[in-house]
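Across the two complexes that follow, subunit A remains constant while its partner is subunit B and subsequently subunit C.
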Partner chain A sequence: MNEAMKKARDIITGYSGRPVRIMEVCGTHTHEIFRLGIRKLVPENVEIISGPGCPVCVTAVGFIDEACWLALEKDCVICTFGDLIKVPGTKLSLAGARAMGAAIKPVYSPLDAVEIAGQTPDRQVVFLAVGFETTTPSACLAVKKARELGLENFSVLTANKTMPNAYKALVGSADAFIYPGHVNAITGNAVCRQLCEEQGVSGVVAGFTASELLTALATAIRLLEKGEPFFRNCYPRVVKDEGNPGAIKLMNEVMEPCDSEWRGLGLIPMSGMKLREEFAPYDARLKFSMPKIEGKPNPACRCGEVLQGKCRPSDCKVFGKVCTPLHPVGACMVSDEGACSAYYQYAGLV
Partner chain B sequence: MNNETVTLAHGAGGKQTSELIEKVFKAHFSNPEFTADDAAVLPKIDGRLAFTTDGFIVSPWEFNGGNIGKLSICGTVNDLSCMGAKPLYMTCGFVIEEGFKLDDLEKIAAAMEKTAKEVGVKIVAGDTKVAGKGQCDGVFITTTGVGVIRDGASTSGSNARPGDAVIVSGDVGRHGCTVLLARDDYGIDADVSSDCAPLWSTVESMLDVTDDIHVIRDATRGGVGTVLYEIAAQSDVGIALDQSAIPVDSAVKGVCGMLGLEPLYLACEGRLVIFAPADKADAIVAKLREGRYSQNAAVIGHVTEDNKGLVVLKTQIGTQTILPQPKGELLPRIC
Partner chain C sequence: MCVGLSAKVVSVKDDTAVIDAGGAQREISAGILDELEPGDYVMVHAGVAIAKISASDEEEADDIMGELL
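Let's turn to the complex of A and B:
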């Protein structure tokens, strides 16, 4: 541990002010905070809560149902980030659909799905486009690539979301936010600054190494002690105020804002992204004339409240009993970045 | 043999079967006990015996640092070695897919011969079956081995005691990482080779230092992390690791970082996890570092009375956290 980290650690452990709640909004932060044991480091008057920053966790149940419908009713090859495969839909997960004979392929990049479409001209290939500003540009690139190649058997099922509108929906959930460095690297810091200036919402942008996370947390704690609203970019190495104009341009060229349903947070106006009309031939919902599919989450699952920091995973009745990483009931137990999964895996230490 | 391939006739038991055995297997496995009869007849052996079997279905069958043949000898040799047993005799069963190249089979047999000779273990009997195209993938091998346990050695996973030092015989996760990259599913290139190695000489050198070694396990599928959880449960103890002390090759670290994998859960095929009294640890590690397959040996933690059944990591920021247990299969067909 270097001197800067030691100093940050001392600030965190030495906090003696009023009780505060700090919410990390990014799933990767959730995972790293557990992996580094940071929750064990903070004093009792600092509570760290997990927000809706895991793309898998916030994806609505109905989206899984839509994907299963494409796989089973339309015989599409579904290409997806691996984490989504085990997320429960209303009746079926994609893993369940696969067991019934559906073709479900995990991919690491949307471009892999385009390649699969190129190799299997006799099959319809659908990429499940989920995620925030960090993954949306690559989905847009895939759509452009498919058009360039003239592929008629490639389309995307979109559930892309934009973070800044979620920041607005979360106002009041915590005393300070740890904003996701990778998202702000794309979007820039304007929304966070505006929230601070207009509504007094405090937050810091954090990177992902031990040193970056400790520094950001120490900065937040030191400024909370002062009592004034603040915004600080603690990840200046990567995050610039203006964001990444190239990626923003690409997104705006292919997609446009739309209302979007978030698991737990409900419908947030203009918080999603869908394909522009120009790219309609690549929109799986239109291409396959998909009927309106509404998902019903398992009523016992409290993922929704967990995602808003309203309850801890361990407060949920099914947590750790019926709902485990091998048999998840809710999305937060599926992904490594989900709060329930992290609580489950890291529980039990003396 | 050039482009000749294995056909169903090679597995039918007739002339072609005999030819295959003569050309490929006998040529490589020849020794006085190699049987032409229904079973090998072995000389009388003094001492307690260890006896084990293991199946190998790795995909791809050849990888940087070895192939399925070498792996199939190392796997069984290492299982015997971990019980403190000097490997003496082995048998091997092949299931070969129709269309598999005879040249490749030859390569596999040559690797088996080389590895067996290095250890001094004799292959005394075998079996060959041919499966139709698509009924298996390339070649599957099962090996069985018997060894004689050294006097004084008692190295079961239930022997770990609070205070014991936890030692690994080298850097972790290389085999799993190598196979993962060999599959080319991820478009990542890195200079990594499998740690696949026969470890009897390594175990023997430790037992020469002291008989007082409580546990020896080879970390194969599931990696060092899985072995540690197994031993914590078997011995009803906790295990505390110092994250910064765990040796990991920098390329393996890089690949794991990119793919979000934990090196402690990647398979090894030439690494031992050793539990020994703390006052013997330095001597054991010093001896290991002299060995060909254990130059990066290190003490990585100790056994605790509390946190029973758990593996706890001391992180780089000085906090304690649990090593999370893997969910389901990280990678299928790795060994």
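Let's turn to the complex of A and C:
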């Protein structure tokens, strides 16, 4: 272990101040902090809680119902990031729809979905556009590509979300945030800085390797000790203060802000992105005259509280019994990045 | 779906780049990064290069921990 890591570990293990809560906003951070055994390092007076930063986990039940409707009623080919396939809708998941004959294709990139549309001109192809600022540019590129190619059988079902208003909704739920590095790589740091300066919200931007997570955690703990609100970018090799101007321009060209429903958190005003009118022909809801579909989450599931750090997955009555990664009841158990799934997989490390 | 992949750029043509991630090569979009060149390291998400990587994580940790009192 090199000097920097020794110092980081000493700061983390040696913290003896008041009890503090640090929220990792990003699902990949949740997963990596467990996997790397970092939770074992932190003393009792530092509580690490998970936030709502896994796009699969915050995707509303109604969105899955909408996708199943497109697949089963309109016979569309649904292209999706694989993690969404097992997420329960009100009655069906996409896996359930597939068992009933629907065409559900996992893809790595929305651009792959455009390619599939090009290869199957006789089928309508719909890409399920979920994700934060990190993945939204790829969906925008896909829509532009489809337009460039003149494809009339490609559209997207949007549930894209943006972090700034979610951060605001979470103010007060932790003493410091570990901000998702790859969101800030796109958006830049202005929002986080502003939260610090105007509302006293502390946080650090973190990368994803062991040394990046230890560095960010040590920085947060040392600055919490000092007692002043702080913001630090601990991932400068990827996150520049101004973010990625090309990505921001692209997103603003293709999409515009809208209200968005977050699983568990409810409707957060202006926390989503939808296609601009100019791109309406690529909006699956308009294209297929979709009726209003409202989902009903399983009442046993406490994902909403888990996503706000109000309870631990193990506080949920069905955790690990009825709800497991093979038979998930809620979205947090589905994705690898979900807090319930991370708790389940690494239970011995809690 | 959110896991980023760090990779080395092998070649760039228009808005498309070929990257090498641990020996596996793949075509990705370079549409939202200006001035990408072979040899650059990039962070890739969902088939799109979202940011250039300017140092190793160890160099970064040394800098940040060095400044932290």
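Keep in mind that, in the parts below, the second predicted complex is superposed on the first by the 347 of 350 C-alpha atoms of A that agree within 3 Å, B and C clash if a C-alpha of one lies under 4 Å from a C-alpha of the other, contacts with A are read in each partner's own complex, and residues count from 1 in each chain.
By definition in this document, a residue touches a chain if its C-beta (ideal position, glycine included) is under 8 Å from a C-beta of that chain, and two chains touch if they have at least 3 such contacts.
Remember, it's a predicted structure, so these values are computed and weren't measured experimentally.
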Regarding the shared-chain residue A:S335, is it in contact with subunit B (first), subunit C (second), both, or neither? second
Look at A:L326 in the shared chain and tell me whether it touches subunit B only, subunit C only, both, or neither; answer first, second, both or neither. first
Scan A:L41 for contacts with subunit B and subunit C and give back first, second, both or neither. first
Touching partner for A:M5 - first (subunit B), second (subunit C), both, neither: both
Check whether subunit B or subunit C contacts more residues of subunit A in the superposed model. C
Determine, under the contact definition given at the top, whether A:G131 touches first (subunit B), second (subunit C), both, or neither. second
Based on the superposed arrangement, let me know which partner A:F81 touches: subunit B (first), subunit C (second), both, or neither? second
Shared contact residues on subunit A - subunit B and subunit C: 5, 108, 214
Which stretch or stretches of subunit A touch subunit B in the complex? 1, 5, 9, 34-38, 40-41, 108, 210, 214, 325-326, 336, 345-350
In their shared complex, subunit A is touched by residues of subunit B numbered 186-187, 260, 306-307, 310, 312-313, 315-322, 324-325, 327-328
Taking the touch rule as given, give the residues of subunit A at its contact with subunit C in the complex, in rising order. 2-5, 7-8, 11, 26-28, 54-56, 81-84, 108-112, 130-132, 134-135, 137-138, 141, 182, 185-186, 207-209, 211-212, 214-215, 218-219, 222, 232, 234-240, 244, 246-247, 250, 335, 337
Subunit C residues touching subunit A in their complex are 1-4, 28-29, 31-34, 43, 45-48, 50-66, 68-69
